[in-house]
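Chain naming follows the written order as A, B, C and D, and within any one chain the residues start at number 1.
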Amino acid sequence: MSAQIVSNHYGKSDVRLTKVVRRGAHHELFEFSVDVQLIGDFAASYTAGDNRKIVATDSMKNMVYVLAKENDFNSPEAFAILLAEHFPRTYEQVSGTIVTVRQTSWSRIALDGKPHDHAFVSGGAELHTATATVAGRGAMPAVTGGVSDLLVLKTTNSAFRDFVTDRYRTLKDTDDRIFATSVTATWDYLSVAITDFVAAHDRIRNAMLRVFATHMSYAVQETMHEMGKAALDAASEIHRISLRLPNKHRIPFNLQPFGLENNNEIFVWTDEPFGDISVELNREA
Amino acid sequence: MSAQIVSNHYGKSDVRLTKVVRRGAHHELFEFSVDVQLIGDFAASYTAGDNRKIVATDSMKNMVYVLAKENDFNSPEAFAILLAEHFPRTYEQVSGTIVTVRQTSWSRIALDGKPHDHAFVSGGAELHTATATVAGRGAMPAVTGGVSDLLVLKTTNSAFRDFVTDRYRTLKDTDDRIFATSVTATWDYLSVAITDFVAAHDRIRNAMLRVFATHMSYAVQETMHEMGKAALDAASEIHRISLRLPNKHRIPFNLQPFGLENNNEIFVWTDEPFGDISVELNREA
Amino acid sequence: MSAQIVSNHYGKSDVRLTKVVRRGAHHELFEFSVDVQLIGDFAASYTAGDNRKIVATDSMKNMVYVLAKENDFNSPEAFAILLAEHFPRTYEQVSGTIVTVRQTSWSRIALDGKPHDHAFVSGGAELHTATATVAGRGAMPAVTGGVSDLLVLKTTNSAFRDFVTDRYRTLKDTDDRIFATSVTATWDYLSVAITDFVAAHDRIRNAMLRVFATHMSYAVQETMHEMGKAALDAASEIHRISLRLPNKHRIPFNLQPFGLENNNEIFVWTDEPFGDISVELNREA
Amino acid sequence: MSAQIVSNHYGKSDVRLTKVVRRGAHHELFEFSVDVQLIGDFAASYTAGDNRKIVATDSMKNMVYVLAKENDFNSPEAFAILLAEHFPRTYEQVSGTIVTVRQTSWSRIALDGKPHDHAFVSGGAELHTATATVAGRGAMPAVTGGVSDLLVLKTTNSAFRDFVTDRYRTLKDTDDRIFATSVTATWDYLSVAITDFVAAHDRIRNAMLRVFATHMSYAVQETMHEMGKAALDAASEIHRISLRLPNKHRIPFNLQPFGLENNNEIFVWTDEPFGDISVELNREA
């Protein structure tokens, strides 16, 4: 009996880059975690331990830092693109490259209402994500932007009612519940030639936040559909968006045993189990 | 402008089930984390907040516990199958179900060399994973088994040499290094009618461990290819296997500044960055 | 041979409370994780399994929710105090109570520059912490406020030089490095009768951030000493402060092998190992 | 106004050491995470940024690796002792040193029933912990051993009844419940001159496991008291033990709404909230 390789790929993950760009006293800070995956003519390493076509993952790590030094960029998308184009250009055995960049969120510390030039405070767990995929030498990169771990909560204007009633249902209809979720979204840019990925990202993020805050929600599904539509409306640069909204349940605590009424005031916040809702939207022709 | 739903699915994730089966004084313990995802006729919830076809994720949670009560099973695969078959049978709006079960590892506490009847100690972070996918009412489930977070380390018989040398290479050839990795593997069963998923799982796991321990490794790629082949050899019940082996680097600490030689003795253990190597193998016809 | 109980205590940890206070359309949101520990006459439970004086930890959990319903509070300090006073007042076997509250950070979503009435976005990993300790029935609570996981970074105005030079030193003097840390601080309030713990907390936090941003640092030790002094200056309500500042190293990446100079631009961000620096300051008489 | 330093200390935490000791083909593997904290004459660094007496935490990190190379040891206790003695001996400004070592658990892979010479599989999350404290130059170290994250579960022989009944109680008496906990224990050795810390550790760990498995538990408090007594009995080398046993609740799932009875079979496993029970025992004179 024998075995056949259906597919293989390899790379380096979680390469942690900090870059400081100094414009006089005003400093820009970029903190990225970078993953690189290569597809190509690597079968001999798998079948025979022959590494002559293998670019060491340690060398990939070096490239992240070298390319960060040698190039200007102002977004994770731009850095993902330049890395993804680098590999097939440099190594002819590489037929495909996927580069993912996760940018940590930092805000300038505000003193007397003024953002500081070089001191920052964490912007939280939210990540600005970007992926660039290059099919091979000379191919145009496909670019995806995104956000993950964008944790939001609204205390009202969320209902959930009239769903399937059967043996397995114990949840009651509600017209007013807390809606908490940690948004993960990715969207496909129409072109690599976007002049300002950061501005597009901010427009999309703000559009999603506005819908979350203001939309009367009858289902997580409905809200995320509205958020996706608002994102497509806000950014003509993108043509597709995927959203995943875990329902981070706030469960009303039963105060009846204590002779008290819970008027939608007192809840248990939970991590699990969680509702796990996804949708993918295309801009309609 | 408008938007079109390309795809949607939803469900409940991380439903945490403990089941104790008592055979007299001898107790069996199952601890699972379960994810359910449904595909089907749910668009009205997304587009109009109309939930009449929506099975609440809270109801899904209930089903996990109810089905655990009403059914016998002795593996995560068996439980995944019965849950995956339940949904399209019960709800005609469901056209596809994916159920993933992660089983926590528990070993019986050994007293005087004898495994205890009802006392257990954690078997570590390793998970026995299973996924059952049912395309629709009456369709046969596709079943995938697997292991994740199987952390292994060997202190010798691992080399890495003769890889690409160029501007970006700083890593030296080595004939003897530590090889540490956290194996994630998934394999496809030929049929749902396996009589003993646990036995097949153990044969596959042991075959992979044997290769890891005894194989002279010239590349992580080569070792994982051998592990995959051994798994296919060990279990005629499976026809495909995917492996992902992060290279959890142990980096020799430079003792030269202190007038000492590091004869492959003293290392820094690291979590990141990590080499990230994948392969998928089919049984050859 | 026999054993003597030196000390014992027990309680419930990580009780997760969400409280929504509605002032018309404007909603206040509190999310706490609460720990309760009791000291008292509990030895019989340890030595003989006699639980007649044991308040179940499940009952403690209930009390968190009941007291949250029955009382108004606007800070984790206030909630810690009312819980800590509740136990010795209610159970005569209780001689000491320690309640710790960790408040999750939420900010109102801003739409068109206006904070929203009921929609929030995560303020990040930073926690507002509070501990109230009551020695026994009728005793005044001791109250500690604090912050944890306040992650800050400055790209310049940090030096580290002229430290001990010997066989074990390989680090060079530097006049300009990145300084990143995750501040944990706790401070003791002079009295339980503080009218506004939130205002005091914010003054202390802002004073520490201002020092971090503006101080020319010659050592993490020096900066944290200045931060502590500024906190004491900013809040006459407190008389003691403890700070712990892990040094979350950003390590310059060596670009020399690639023929490049690293002008303090390109770094590796790391989690471990970390410098781990602590100080405790008292207001001088 | 001014501030006074009450206390200060600093050091390096989470220094990650791997050491391989080769006895022919048979290899010993040690993986440690090491924390060092120094107390001493360091105030000038805090008050004036004067680092002349500061041993850089980076130098401490170097010492961990250098001392691991230059010394033989076969337990985390032995390594903690040699590190703790090193600092006051080397630096006269050091008046106190606390070294904590956490050893990761590795088991040899068994092939055909035989433990392998150089291939290992993770022993899980459990850590073997050790702390050595040296008061100053020439002082004898105080040594503490311990275990953390020792996760155990028993499916029966655990009751909890006859506890306080009042307004806040909703939990029913039970004569049969699941008891799951993650044991953290630390114990004080009588002397630094223990010949075999590993054997003592194993005796203590096994004694605690035996009690956990075989003891009819009427309270977590009672079980941990018995475990502590058994540990003191099993190891004349120790004179004090502290235990902390979080109650990792398995909560019976309510099957009544589905017309089913839950005969202690079906549970929800939870991480929080958790009962949090502690005791400290001394050997009686």
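Heads up, the rule we're going with is that a residue touches a chain if its C-beta (ideal position, glycine included) is under 8 Å from a C-beta of that chain, and two chains touch if they have at least 3 such contacts.
Just so it is clear, the structure is predicted and the values come from calculations on it, not from any experiment.
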Inset, instruction - Please give the intersection of the contact partners of subunit B with those of subunit D. - result: A, C
Inset, instruction - Compute the distance, rounded to whole Å, between the mean C-alpha positions of subunit A and subunit C. - result: 29
Inset, instruction - Report, in whole Å, the distance between the mean C-alpha point of subunit A and the mean C-alpha point of subunit B. - result: 24
Legend entry - Gap in Å, rounded to a whole number, between the CA centres of subunit C and subunit B: 37
Inset, instruction - Name the residues of subunit B that each touch 2 or more other chains. - result: 16, 62, 66, 168, 170, 257-258
Legend entry - Pairwise touch network: line, ring, star, complete, or other: complete
Inset, instruction - Spell out the part of subunit D that touches subunit A in their complex, as residue ranges. - result: 167-168, 170, 257-258
Inset, instruction - Would you tell me which residues of subunit B are touching subunit D in their complex? - result: 16-22, 27, 29, 31, 62, 65-66, 68-70, 105-106, 109, 111, 116, 118-126, 150-157, 178, 209-210, 212-214, 250, 253, 255, 257-258, 260, 262, 264-270
Inset, instruction - Would you tell me which residues of subunit B are touching subunit A in their complex? - result: 1-16, 35, 37, 42, 45-63, 66, 90-91, 160-164, 166, 168-171, 217-222, 224-225, 228-229, 232-233, 240, 246-247, 271-284
